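In order of appearance the chains are A, B, C and D, and numbering begins at 1 in each one.
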Amino acid sequence: MNQLKVGVVGLGRIGQVHLENLVYRIPMAKVIAASTPSDTGYAFAQNLGVKELYKDSLNVINHPDVEAIILCSPTDTHLPFIKAATKAGKHIFCEKPLELTVKKIEQIRQMVAQSGVKLQVGFNRRFDPNFAAVQQQVSKGKIGEPHILKITSRDPAPPPIKFIKVSGGLFMDMTIHDFDMARFIVGSEVIEVFAKAAVRVDEAIGEAGDIDTAVITLKFANGCLAVIDNSRKAVYGYDQRLEIFGSKGMSKIGNSYADTQQFYDKKGSHRGLPFNFFMDRYTESYCNEMRAFIASVKNNKPILGTVDDALMATKIAIAANESVKKNKPIRIR
Amino acid sequence: MNQLKVGVVGLGRIGQVHLENLVYRIPMAKVIAASTPSDTGYAFAQNLGVKELYKDSLNVINHPDVEAIILCSPTDTHLPFIKAATKAGKHIFCEKPLELTVKKIEQIRQMVAQSGVKLQVGFNRRFDPNFAAVQQQVSKGKIGEPHILKITSRDPAPPPIKFIKVSGGLFMDMTIHDFDMARFIVGSEVIEVFAKAAVRVDEAIGEAGDIDTAVITLKFANGCLAVIDNSRKAVYGYDQRLEIFGSKGMSKIGNSYADTQQFYDKKGSHRGLPFNFFMDRYTESYCNEMRAFIASVKNNKPILGTVDDALMATKIAIAANESVKKNKPIRIR
Amino acid sequence: MNQLKVGVVGLGRIGQVHLENLVYRIPMAKVIAASTPSDTGYAFAQNLGVKELYKDSLNVINHPDVEAIILCSPTDTHLPFIKAATKAGKHIFCEKPLELTVKKIEQIRQMVAQSGVKLQVGFNRRFDPNFAAVQQQVSKGKIGEPHILKITSRDPAPPPIKFIKVSGGLFMDMTIHDFDMARFIVGSEVIEVFAKAAVRVDEAIGEAGDIDTAVITLKFANGCLAVIDNSRKAVYGYDQRLEIFGSKGMSKIGNSYADTQQFYDKKGSHRGLPFNFFMDRYTESYCNEMRAFIASVKNNKPILGTVDDALMATKIAIAANESVKKNKPIRIR
Amino acid sequence: MNQLKVGVVGLGRIGQVHLENLVYRIPMAKVIAASTPSDTGYAFAQNLGVKELYKDSLNVINHPDVEAIILCSPTDTHLPFIKAATKAGKHIFCEKPLELTVKKIEQIRQMVAQSGVKLQVGFNRRFDPNFAAVQQQVSKGKIGEPHILKITSRDPAPPPIKFIKVSGGLFMDMTIHDFDMARFIVGSEVIEVFAKAAVRVDEAIGEAGDIDTAVITLKFANGCLAVIDNSRKAVYGYDQRLEIFGSKGMSKIGNSYADTQQFYDKKGSHRGLPFNFFMDRYTESYCNEMRAFIASVKNNKPILGTVDDALMATKIAIAANESVKKNKPIRIR
């Protein structure tokens, strides 16, 4: 087998997930090198048998044997590392968010276009079997013309206030996945956003300048309406549901569980909590997206989750923030 | 509208159900008279506007205006009252159990045959929309050849020991409904029974000579196998489920609930108890069976739930008792 | 039993439902008289044994024996008939919509207040066991502080264009139920509305000046956000769902079905359509609301579904229309 | 990490599953060598980086570095290979069926006891998260005293007649899993078996001397009753369900699906097929059982799925066959 030689940059939580998938579950790829400033990340990679380990990420990016870079370093390093990688002619898988401003994403778009490399952004949920099944139904015309899309996306608990402060805010950090999903499912562009938001979960989130509860209405170019509702804290666990309603029917997915066990006692019937958070709920999607990236590069096929997708999701998030501030619907340009 | 004139004999719990349905929900019938030894039953009927009320049931059975009798008096009165009714040429709806022995049921069969009246036995579950939907699927050939039938039938709590002693036993009192249902759904005759039984719920039931837990295997003439499981006490409520599996598919029903509400908290998701017992779970079936009886008489159409059906269910119950005693399968003659 | 003597005004589809419930299922009430211009309505009442039947509704309203009026005549008769009834000191159950303008509803409010009679508006869904179960959970504090309410309300098919033209529009005719439900469940007042709407089902609806698809965001005084989505046509049947999410949990209801039957074949598992439309889906609620009205009058207890409730729902509907026109959120005064 | 050094004997379908799990998903183990007569198996192992590959299995069993053997070769090789392995002092994971006769399993039991090695039989379903969740509930006393266990176990399609002929029959090949599961869940020994069986799926199965449809009743030492129903062909896919009912409640599992997608159209709502067959449905269980074996050996902890478990399941299967032949319940000695 002619394996694609990859280098992993950044071995935090998500970097470790990608590294383990690459080593154990994706025979088409071979990890040549990895970089991380952290001792934990270093030890993790060593244990998995990665032979070349660096502190300086440029050693990985410019490594002569490396054909593709898996970029899992902090968001503020994305632009410079992508710059280096495109210069070196390396394909790039970059974790989300690609970048936080339209300007920087457009710079990245230009670099990628000029260099001719492929860049896939880590919109992993597109590769979740549940969402993918719905997208299939829609694209096959099973629901007819899409009229109303509904996405519920609620976290089990808010991140630390420290993170909230640098996260870019709810829309940029959390809803961005839902904005991308909405575009993926509806298959059309968002042309207008109206967002209502509130601080209901924790006042400290408000004091940090963010919101924790939101209901967002989207209008699409094809006439479809959508509504996303978010909360930073669902006590009953990670709540990730979607339904799309159209002229010929509806396709709908619910939450996923570790088992199907139901318990019946004198109070009624009971089921446990769904998968705890994204690392459990979307396990398969992380492996699937990496497999897809490797396959796209090896077979020179189009990418699912492009710079343009990141750009659109970012524009929607920015418009949602503006909508909350001005309390009016905002057009997406 | 040309209403069928009926008389109700016996106004205990089930007699009151039938009377109320006849008065309020079945315009095709008119209640002319009723009889009951009880003051409560008397007052109940008076409140519903029944004009002729008697202590002596023969006054109802032989009432010149009465065309059909609704027999809800104790089991040991069934035979004599049916005798009187057939003599008087009155159609009969008789609550289950029709009678407890094969011999007496055969006597009834003869009386009914000779007199030419219609007799419907109160196998109400045949008229439950859930079971009826399954029967429709099977009779239309949707599941193909039936291979395996499964019935779960568990009560929320055992009846008083006093009742247990005169009930005829679990198979005759409780499983009889399931035996009838099995024949109704499979559309073939039971040719062999094997029953395992135990006392698990309450030792007093064992001391009264009865059992409270059972698993019964049936073999049908058409080759279908069936299994019924019974318990006198399901702490999570009245449990009434059925599934039939065949060469082309499976049809299945679950329990019914007063509402669809589900509650989610930090322990998981929760649903309340199903309908409490037969009066709630099978409410509709009681009205449907009475409507069907009235319609069969008025339009001279075949009865659903005949003396023969009662006879077969009784034979199976007797064989099940024998099987437990002898610990071997028993053929039905 | 000391029955409440009622008169039914109007015997169209919903008038017949109320009359049948009053005659057959509500022993606390006695129907003294009814009025209708239609021969069908007349015959229907005669069959149910109503003795006094009139063409002129004032004969019922002013009937000396009648204590309460059940008003099921066309919307444009509501104001004059309520005027007559309050003058005659009769209690009133009035079908929705009470009236179409704020001004007229305020007139009604004044009449009712001055006369001291009770007036219940037919917000029947408040009496549906499913919605009622959720409201109970919320009012008991089971979900904690309410954060997000979601209502899906989709009809199986649009009404005739002729009706659309006089209906007052989607928000006044259809969403009005959802606006009332939202207030009922959240237990707080709506302070702002934003509505996006479209014509997706039938262009003729647009030509008639109405919309058929909508997503409406509400903000409540207590900080709760809500979203309602509507369509005039769900091919998979009448779709009526609700969920409310709060700081301690979520309560949720789904659609209701005539039976629990599921069918499994080589393509997968299948369930039939839910109850077809409001007459089937909300059958119980119509009886429950009438029972509640009769009980409130007899026992001099507060009404559920007051003139104020109608007023608030109407104001929200008007604001929703304004929001669509101006494409901005509208405050409710 | 101090890895356990293992050798894999046999690289057919299940051998490949175990090898891949060991190489990719179980860091605690290291595959030193493998043996297979087949070219496909050989290539598969080579691709996974297994360095020592043999045709002769004794080279693996007696390999000086190998501490534990994963036995995936044909059933008739189990006894001799276990003999060799116990002599060499190697721990053994052996695929089911361990052996087909009581006598041979007892021989194995003796060898294992005398040598002091650990032997785990591949009852993988005990490691399925669904069944395991039920077993946890039962062993914690959540359902109280177990009264009735129900297992539905139906294959999507029968194996080739050629295989049927050498399979040992339905009970030994297919129901053996259910017999083991019944013992695992109930936590007591089966003392009596009654089996009804039929040929309903394919006459050729009958001609091969086997059955394809069965309902089996078990009685346990602790008084629990159980019923297992089997079919070689469920057109709606691999059907694996279980419920256990006791004095305090019920625990129940259903089928597993690749996604949660439901589709709604004018005919109703639809869900696709469950996981196709054991390789998909029980994927996780294969990895879990191997992880458990490795951990038991490394930490010198008790095995789940012992020779005794295999012996008991085999005795029940033999008794079930006898019960069908004699049409009577058979005691287990």
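One rule holds in what follows: a contact is a pair of C-beta atoms (placed from the backbone, for glycine too) under 8 Å apart; a residue touches a chain by one contact, two chains touch by 3 or more.
What you see is a predicted model; the values in this text were computed from it and never measured.
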{"item": "Most widely separated chain from chain C, with each centre as the mean of CA atoms", "value": "D"}
{"item": "Rigid-body rotation angle, chain B and chain A, from Cα fit (steps of 5°)", "value": "180"}
{"item": "Between chain A and chain B, centroid-to-centroid distance (C-alpha), Å", "value": "58"}
{"item": "Geometric centre distance via CA averages, chain C-chain B, whole Å", "value": "39"}
{"item": "Separation of mean Cα positions, chain C and chain A [Å, integer]", "value": "43"}
{"item": "Residue list for chain B, restricted to those that touch at least two other chains", "value": "235-236, 248-250, 264-266"}
{"item": "List of chain A residues in touch with chain C within their complex", "value": "145, 147-148, 150, 152, 154, 194, 196, 198, 200-201, 213-215, 217, 219, 223, 225-227, 229, 231, 233-236, 245, 247-250, 327-329"}
{"item": "Chain D residues within the chain C interface of the complex", "value": "235-236, 264-273"}
{"item": "Touching residues (chain side chain B, partner chain C) in the complex", "value": "1, 24-25, 27, 47, 129-130, 132-134, 137, 142, 248-256, 258-266"}
